[in-house]
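Contents: one structure, followed by commentary.
Which chain is which? They are A, B, C and D, in the order written, and residues in each are numbered from 1.
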Amino acid sequence: MICPLNRNPLNPSFVDEVERSFAQQPVMNLIGASLSLVEPGVVEITLPSRADLAQQDGYVHAGVITTIADSACGYAAYSLMPAGSNVLSVEFKVNMLRPARGVTFIARAEVIKAGRTLTVVRADVFGIAENAERELVATMLATMLCLQT
Amino acid sequence: MICPLNRNPLNPSFVDEVERSFAQQPVMNLIGASLSLVEPGVVEITLPSRADLAQQDGYVHAGVITTIADSACGYAAYSLMPAGSNVLSVEFKVNMLRPARGVTFIARAEVIKAGRTLTVVRADVFGIAENAERELVATMLATMLCLQT
Amino acid sequence: MICPLNRNPLNPSFVDEVERSFAQQPVMNLIGASLSLVEPGVVEITLPSRADLAQQDGYVHAGVITTIADSACGYAAYSLMPAGSNVLSVEFKVNMLRPARGVTFIARAEVIKAGRTLTVVRADVFGIAENAERELVATMLATMLCLQT
Amino acid sequence: MICPLNRNPLNPSFVDEVERSFAQQPVMNLIGASLSLVEPGVVEITLPSRADLAQQDGYVHAGVITTIADSACGYAAYSLMPAGSNVLSVEFKVNMLRPARGVTFIARAEVIKAGRTLTVVRADVFGIAENAERELVATMLATMLCLQT
């Protein structure tokens, strides 16, 4: 990151909170995604490729790539929010850069700007080949909303 | 639409082509989505709500909403492309407007500008309540690429 | 609009407020833009074409088109906000659909969803030819923030 | 950049080409922007703050910030295109992260993915204070089109 970001988590149990919330997203179970990294302002979600996630050419559907990128962005934002918050996706934009091929996909989200109400997050989604080479298949720029519950 | 759009399909068998391609998207089967309308430059996809499509609050995940909106946009663009084309998502932006609740969701995509290489498409996603009331839950603005195969 | 929108202005003097705020945007004077319509949730800004607004091919620069679209979106949102609010652009996405040519440009913004904190607005920018024909040159999808001052 | 990018310029005189094209954008002269860096896949544009570029609160208008970010993205893409190309903005999305204050603004664009037809570029816009501190005020994610002329 070019810009210094205050990544001091306001909620000391943010890792537990992210894991608990992630476990409550049934769609992650449906597509087979799991949480692979939770740090202040940074979250990674891993998705093994599967034939039933594909679009018409056999690549993973852009909507599935978006699903893991959006959740990664949401939890990266959530990791910096105060206890008792909820996070909602306001909007996101995704560029599909290459066909989504790989044996596994990793969506890595990093907070760019954490605000009291709005948090802006960037995510890159990589396809990992059998030989462990990474290819950037998509990038997301997202806005997340903090709701006090 | 405020602007006149030439919606003469270049491919007379565009309906068959869209249906055939849609049937080749395994992810549509996984989430339970079906094609409900195919007209020149306009496509609708219908998705019954299901508990395993939800995020942490019980609403359908933004990524699932995006999946049907993206496919609707892609096929709306594809319906105007010449025979022998393939369609790829270049990018899209989604605004989540309300929690995605409803017994069914309909993504309705309409081409705004059809070009030889790039086609710009807008999609609205509605949640349909039991009493048949419609609520706009998301809107997408997408760019699609025509590949000559 | 496909979806019913409550467009009852919360601020009875919203027209005056929009006009007053617009007059305080020096950049509108620099580029020669003026406010041409203010209704609840709908605002139009008109910009006569000028050689010094062009990019390298002689068309009006995408950033100038964005400038009038963004202000139109901001004021369309502002027209529905309570008295004593300020409006800020959270983010916007613009598709440039055709070269920005015309003797005049009109950015027409319409609120899609007005929330207490966030308002989502769509704008279309038209180029008007000498023979009065309209051509859609760009479309914006924007998120605006309401600040209580 | 996390991902390796082939940044070998296809056009050996790309610096001259970018400078020549920039000089042909009258709007850059109108707002007072200048080209401050041209490398393969990376371009910076510098804009001194000026009262007549402001919106209603005295900050530089989001549209002006977009103008320099869009041109920086376009020329970053152009720097990697073959001789005889022209570059067009397909679309961009901008997040305004902080009020655009500073004595100078720098838009720094970097190509993420250079394709034959489409190039995806990211730009960050910084406000530079009198004490030389940098603040990230906006970030853009853009798609550029290569036209063979």
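We take it that contacts are C-beta pairs under 8 Å (C-beta built on N, C-alpha and C of every residue); 3 or more make two chains touch, one makes a residue touch a chain.
Predicted, not measured: the structure shown is a model, and the values here were computed from it.
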Applying the document's contact definition, name the chain pair with more C-beta pairs in contact, A-B or B-C. A-B
Which whole number of Å gives the spacing of the CA centres of chain B and chain D? 32
CA centroid of chain B to CA centroid of chain C, Å: 27
Centroid spacing, where centroids are CA-atom means, of chain A and chain B in whole angstrom: 23
Of all residues in chain B, which are in touch with two or more distinct other chains? 90-91, 93, 95, 120, 143
Take each protein chain as a node, join two nodes whenever their chains touch, and name the resulting shape: line, ring, star, complete or other. complete
Using the touch rule from the top, collect the residues of chain D that touch chain B in their complex. 90-91, 93, 117-118, 120, 143, 145
Using the touch rule from the top, collect the residues of chain B that touch chain C in their complex. 2-3, 93, 95, 97-98, 108, 112-113, 120, 122, 124, 126, 134-136, 139, 141, 143
Which part of chain C faces chain D closely enough to touch in the complex? 21-22, 24-27, 29-31, 51-57, 61-64, 66-71, 86, 88-96
